[in-house]
Amino acid sequence: MDTLYKTDVLRLAAQATGAGKLADATKSVTVDNPLCGDRVTFDVHMGANSKIVAVGHTVKGCVLCQASASVIGAHAAGEDAASLEAVRESLKAMLKQGAPAPAGAWATLGTFAPVAGHKSRHECVLLPFEAVIQAAGK
Amino acid sequence: MDTLYKTDVLRLAAQATGAGKLADATKSVTVDNPLCGDRVTFDVHMGANSKIVAVGHTVKGCVLCQASASVIGAHAAGEDAASLEAVRESLKAMLKQGAPAPAGAWATLGTFAPVAGHKSRHECVLLPFEAVIQAAGK
Amino acid sequence: MNKPVRVVPFDVEAVRAQFPILRTLLHGKVPLHYLDNAATAQVPEAVLEAVRAHDALRRANVKRGVHALAEAATDAYEAARRKVAQHLNAREEREIVFTSGTTGAINLVANAFGATLKPGDEVVLSGLEHHSNLVPWQLLRDRAGIKLRFLGVTEEGRIDTGDLDELVSERCKLIAVTHVSNVTGAITDVAAVVRAARTVGARVLLDGAQRASHGPVDVQALGVDFYALSSHKMFGPTGVGALWGRAEVLASLPPFLGGGEMIRTVTLEKSTWADIPARFEAGTPPITQAVGLGAAIDWQAGVDTAAAAVHTAHLADRILDGLRSLGGANRRIRVIGPQTMERRFPVIAFAVEGAHPHDICQMLDGHGVALRGGHHCAQPFHDSLGLAGTSRASLALYNNAGDVDAFLTGLDDALTKLT
Amino acid sequence: MNKPVRVVPFDVEAVRAQFPILRTLLHGKVPLHYLDNAATAQVPEAVLEAVRAHDALRRANVKRGVHALAEAATDAYEAARRKVAQHLNAREEREIVFTSGTTGAINLVANAFGATLKPGDEVVLSGLEHHSNLVPWQLLRDRAGIKLRFLGVTEEGRIDTGDLDELVSERCKLIAVTHVSNVTGAITDVAAVVRAARTVGARVLLDGAQRASHGPVDVQALGVDFYALSSHKMFGPTGVGALWGRAEVLASLPPFLGGGEMIRTVTLEKSTWADIPARFEAGTPPITQAVGLGAAIDWQAGVDTAAAAVHTAHLADRILDGLRSLGGANRRIRVIGPQTMERRFPVIAFAVEGAHPHDICQMLDGHGVALRGGHHCAQPFHDSLGLAGTSRASLALYNNAGDVDAFLTGLDDALTKLT
């Protein structure tokens, strides 16, 4: 439905914050969605205390996947694997149980609220988180 | 339906003409109906010109099968494999295409006309013919 | 099943009213008395309507589509999986694989689990099995060089669990037996089977075809590894059934059928497999039928199955009594299996000396009574009884006293003519 | 399919009126434009009613019962077999085996015919196959040590029969290819395939999933040995399909699945097999669904399928034209497969540079248009095109100009937003 593609989502995807390879990546992880063949790569540069300094992503995927990666590109710096996992869980809760959008820095994820009604697309939003969390992990 | 079991059929089965083993059999053939486990054995004593002199039958089967064997017991003498095959074909035509019952000596087979409406039972009537034809053949 | 103690009035007429076919007049005049429920059960209006509504309103292929109908169809299909999981008390939904029926489910295990067996490994069955839980294992034996061993059957028509100690060796990898016999109605002592299997690390498969129409099953409490059922025997559509498998066991097996939707990636050279349950659901599944099965489970959940069990056990008692009184000095009637309703379901097979099962069934059909005659796909068991076939009356919760009366009256009439 | 020359007015609105789902309002407001027919077709009232009536009036298990319902159900089931035989112009009814669908049918051949192959034997497929006609052969290869060889795909998206001479050797025992591609709609040059197979004595299997909804098929004229189809793609129920096999070939094969009704005799030690088709129909078959498939064939026989083909070809032409005009300088649209409606069916897959198929499909869903996006279970073919997926519009005879307009308008809107 068109409500999935509100201007916000399209803009996030178009902005593509953090898109591109990271020259000084400490780790890079590629994740596939077997259902649609989408593929997301996250390069991360990890700093002290296992916190992210910078990310770069390459997305072969749909607008939802691109927009999700773009949100991560904008807000990942300063997070670690555990805090990103917490963000992903609240995003999941929003999609699967209709929980409110995450608060604070990650409030932009509320843009994806209409995806809740489309189970077949949940994975599109979650895939980039999978990639960045794996990249930020040990 | 009860019409299958008109008194005639029950009487034919009870008469069991030709039932029993034939002491001087020239050939004996046993045929199974895999669908219901029924089994018919025909012993035949063949005479000159490959004509039947006498038959004996052992039937482990339903009333229809017994009655059919009984009819054969009463009329097989003097027939050969080919003439019995012709009788079987006209019996089949009666059952499957609603053709009239065989004429002449075999007219008793008309008793089975109501079986036509019950495909699952056609084989019960035909099985004894299968056995006697095989026994009368080379 | 033990007769529950509580006495709830079971409104059988209210149940009957929900089954359009029970209003049929056979041969244009005789009311239908359907006592062939072990072969297939009838379908209530709620299921007929769910099937129609799905195809008329939500029809689409499932799993990959993003359009509204595809999402609705996928939701309905997965909701049906949830209902089967609940009916069986499965731990997880992904433990439910939709199949074409019990036969499809057992063949799946015989092939996927079978592929993990080595020559000389043993599978233990029983002499009471339906061909569907025998022939797939014979085919596996011939393919893979495994050995089959058979538990005996007691005088009472139960699987003889006394044979377990002797037959279940370290080579045994699986015990596959029926939960409830389709000939004797006897309930297998599953606890004994599971105990024996656990001592040697073998898996247990239960053929639940005859059990799943009699209320919920608890696969976790049973402690087994696989459970197979057919929708058409539990008031649902034909064309669908289910295999329940313990998640870790299912997940360890290779696929059986190949096709769409069971893959992760495909190249011309090599494919990799989807997670369970998709790995075992190649191709377009029986979508509408699964939805219908879900509706049948919902329908069954709305019935007091404990009260229904009391009701059908009473009817079955009357049948057993009636057979005893019809079987007099010159009419020898032999009831196969347990002679009372203790630990059994209302499936009653009997043999009458001198009367062929097909004649009995055909004559009863004239009275509107639908019975089944033959070996009921349990030829080895019938052979062991020295019988080619039996006549079988099997009850469902919509049967009533009128059905039993028609059966007994009809049988009396038939035997008068036949013996 | 070549466009037939005669110009018959095809009353599409009269056809549409028979499909309740086409009156659906999606999201409570948008009319449905169903262009996902290659995934599954919709069901006319006549089929919905046949399915309901069977379960409400004639429901029983088939084959062995002698009571009136069992006879009626068996008659209905066998009548359905006759209808499938007629639809395919099979020589004999016993050449039709009911299966769970195309996937079930191909797996049957891969196992039963597969069991007759020896290590080193070859099966020739193509790079255009649906996973259902690829993965079963990969599984057979891994099991039996046979070799798979692949016909290429032409620029136009057709199976390259020019490869036949090189690929079909004396070791080839079977060529298994699609009759009509579910991605490009292209019709395979079956005559060339059969010719090549005959020179080496190989069998030919056609995957007819996409063909059987477009009017009768003549397997005798095609000269093949096996033909597989799915009911749900030809306006019938899910959960059933059919395998046609030349009688002498089918009769020479061992069984695949084991269970009830496929046997002649069973002992604990050994079983013997029933004649065809029963040998391949283990367990309770999809009875009601087969009856529904029969009703769908009857329904299709009542439609002027030649006129329908002209009608859908015109609509498809408009789609092809529309895609060409929507694809301008900065919107690169690539139609996969033949660029005209010559020798193809109305299945049109396309890729838009910079727009993901799922976004396109989802946006079109907002316009009520049901498309499908992804690799359509033909991942190797998509890989060969360098695409992860395409969007696919596929037509059935009930589609009309309004559907095409909604599709083109919606696509224009989607591409404006997405590219």
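By written order: A, B, C and D. Residues from 1 in each chain.
The criterion applied here is as follows: a contact is a pair of C-beta atoms (placed from the backbone, for glycine too) under 8 Å apart; a residue touches a chain by one contact, two chains touch by 3 or more.
The shown structure was predicted, so the numbers you read here are calculated from the model rather than taken from an experiment.
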| item | value |
| --- | --- |
| Subunit A and subunit B: spacing of chain centres that average the CA atoms, whole Å | 80 |
| Computed distance of Cα centres, subunit C from subunit B, in Å | 38 |
| Whole-Å gap separating subunit A and subunit C, where each centre is the average of the chain's CA atoms | 47 |
| Chain centre separation (subunit C, subunit D; CA means) in Å | 32 |
| Two or more partner chains touched - positions in subunit B | 1, 35-36, 118, 121 |
| Shared-contact residues (touching 2 or more other chains) in subunit D | 27, 64-66, 68, 70, 263, 265, 358, 362, 365, 373-374, 379 |
| Chain contact graph, described as a line, ring, star, complete graph or other shape | other |
| All chain pairs that touch each other | A-C, A-D, B-C, B-D, C-D |
| Subunit C - residues contacting subunit A, complex | 63-66, 68, 70-71, 74-75, 264-265, 274 |
| Subunit B residues within the subunit C interface of the complex | 1-5, 10, 35-39, 60-65, 118, 121, 124 |
| Subunit C-touching residues of subunit D, taken from the complex the two chains share | 20-21, 24, 26-27, 32, 34, 36, 39-40, 42-43, 47-48, 51-52, 55-57, 59-61, 64-70, 100-104, 106-107, 110, 125, 127, 130-132, 134-139, 148, 150, 230, 232, 237-240, 255, 257-263, 265-268, 270-271, 282-289, 358, 361-362, 364-365, 369-374, 377, 379-380, 383 |
| Residues of subunit A touching subunit C in the complex | 1, 34-36, 118-121 |
| Contacting residues of subunit D [partner subunit A, same complex] | 27, 356-359, 362-363, 365-366, 373-375, 379, 382, 388-389, 417-418 |
